[in-house]
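Worksheet: the structure to be examined is printed underneath.
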Amino acid sequence: MMICKVVGNVWATKKEETLSGMKLMVVQEEMPGKKAGTVFVAADAVGAGIGERVLVVYGSTARRAFGKDNVPVDCAIVGIIDSLEVDKESIQRT
Amino acid sequence: MMICKVVGNVWATKKEETLSGMKLMVVQEEMPGKKAGTVFVAADAVGAGIGERVLVVYGSTARRAFGKDNVPVDCAIVGIIDSLEVDKESIQRT
Amino acid sequence: MMICKVVGNVWATKKEETLSGMKLMVVQEEMPGKKAGTVFVAADAVGAGIGERVLVVYGSTARRAFGKDNVPVDCAIVGIIDSLEVDKESIQRT
Amino acid sequence: MMICKVVGNVWATKKEETLSGMKLMVVQEEMPGKKAGTVFVAADAVGAGIGERVLVVYGSTARRAFGKDNVPVDCAIVGIIDSLEVDKESIQRT
Amino acid sequence: MMICKVVGNVWATKKEETLSGMKLMVVQEEMPGKKAGTVFVAADAVGAGIGERVLVVYGSTARRAFGKDNVPVDCAIVGIIDSLEVDKESIQRT
């Protein structure tokens, strides 16, 4: 799971049918000690809002978040992070 | 889903049979605040045109966009982006 | 499998239902001869603790570690490394 | 799909049984405007030759190119590129 | 398939049950013309030894190398490279 922040919204009227009704959000990967991660679009399975830190799954796993295997979704928000605690003696900083 | 722009066309006469009839387009990843993303080929599921910004899925998910599991396609255009709104206070710029 | 170190914990109250009860840990990729690898979240299948070196699998394989295919987990800790021995004449250092 | 060039051959006598009879080729990713892409090995499904530009699929999709799901192949050449046309006003150069 | 060299061994007593009996080896990606590739762990399906050049598959494909879909293995050694021939006029060097 990637640690991401929700940074925006995206609208697409013309899209693959099975995507209708899905809430698509722009997210950015956020790594402790690093800046400006990858920006991409994920389908929201938990009701996340702009500015929240979230857990994002990728690949075939993203479809599992919606309980069906036929949605053309490869990134999904599956959790909203309450807190994240990193052990300063274990992590390596750049 | 990757945020991409359609930047070209590609033709391949000699190809795996099940690819026949598929519209293959050259796309480039486009991240807000970054330049010159990866260039690759995606099969179009929504009727996209050169210069349009699109949503691209990757991996096994790409096959879902065509409703069959046997096509040798690992990237698919699944939506045409109307608008994309990024919150300036949330996103980190390089 | 990635060679990682467990570097932290993460809490998410609001999450996809099937994630309930799973132990989520923050891990960092650790490559011999390199520093400050990628930081992400993995579900623990073996009872790992902070500071331990672990083996992490990615993608659809992560779901296999939990013996069910419907969990929205794309990274799993599947082993705790006792020792790792690298042949100095074979490995290339940066 | 990646845009690659076939750059070599590879031989492996001792290999997983189901790989027998497969033609393995060394390919290099080739992106318009970039140089010296990743070099890896792909199984050829279309009869490609050294120096040709090809379309390569990755992951579970590669197995689809051979019409069976049990081959341990994660990269496959699925088309030979006749021509590739890039719109100069749409693409971003490094 | 990645071109790798076997560079070490790894031991993990505490691990996911279905991994028992699998031979895990430390491998390093090796690209013609590049140095010091990624180091990771792969399960050996062909009896490879330290210092040998091997073909490694990734993702769901790695499970195919063991003929069962439930092993939590995402990287597998599927062939030992006898020889690799690269066409100097086709490959691009960094």
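All chains are identified by letter, namely A, B, C, D and E, in their written order; residue positions are counted from 1 within each chain.
Just so we're on the same page, a residue touches a chain if its C-beta (ideal position, glycine included) is under 8 Å from a C-beta of that chain, and two chains touch if they have at least 3 such contacts.
Just so we're clear, the structure is a prediction, and the values are computed from it rather than from any experiment.
Using the contact threshold fixed earlier, the set of chains in contact with both chain B and chain E is D. Counting steps between touching chains, the shortest path from chain D to chain E takes 1.
Within the contact network of the assembly, the step distance from chain C to chain D comes to 2. Separating the centre of chain B from that of chain D, both taken as means of CA atoms, is a distance of 18 Å. Separating the centre of chain A from that of chain D, both taken as means of CA atoms, is a distance of 30 Å. Contacts with at least two other chains are made by residues 59-60, 62 of chain E. Contact ring, oriented from chain D toward chain E: the chain order is D, E, C, A, B.
Residue ranges of chain A in contact with chain C, taken from their complex: 1-3, 31-34, 45-47, 55, 57-62, 64-65, 67, 76, 78-87, 89-94. Every residue of chain A that touches chain B in the complex is listed here, in rising order: 5-16, 18-19, 24, 26, 28, 30, 35-43, 50-51, 59-60, 62-63, 69-75.
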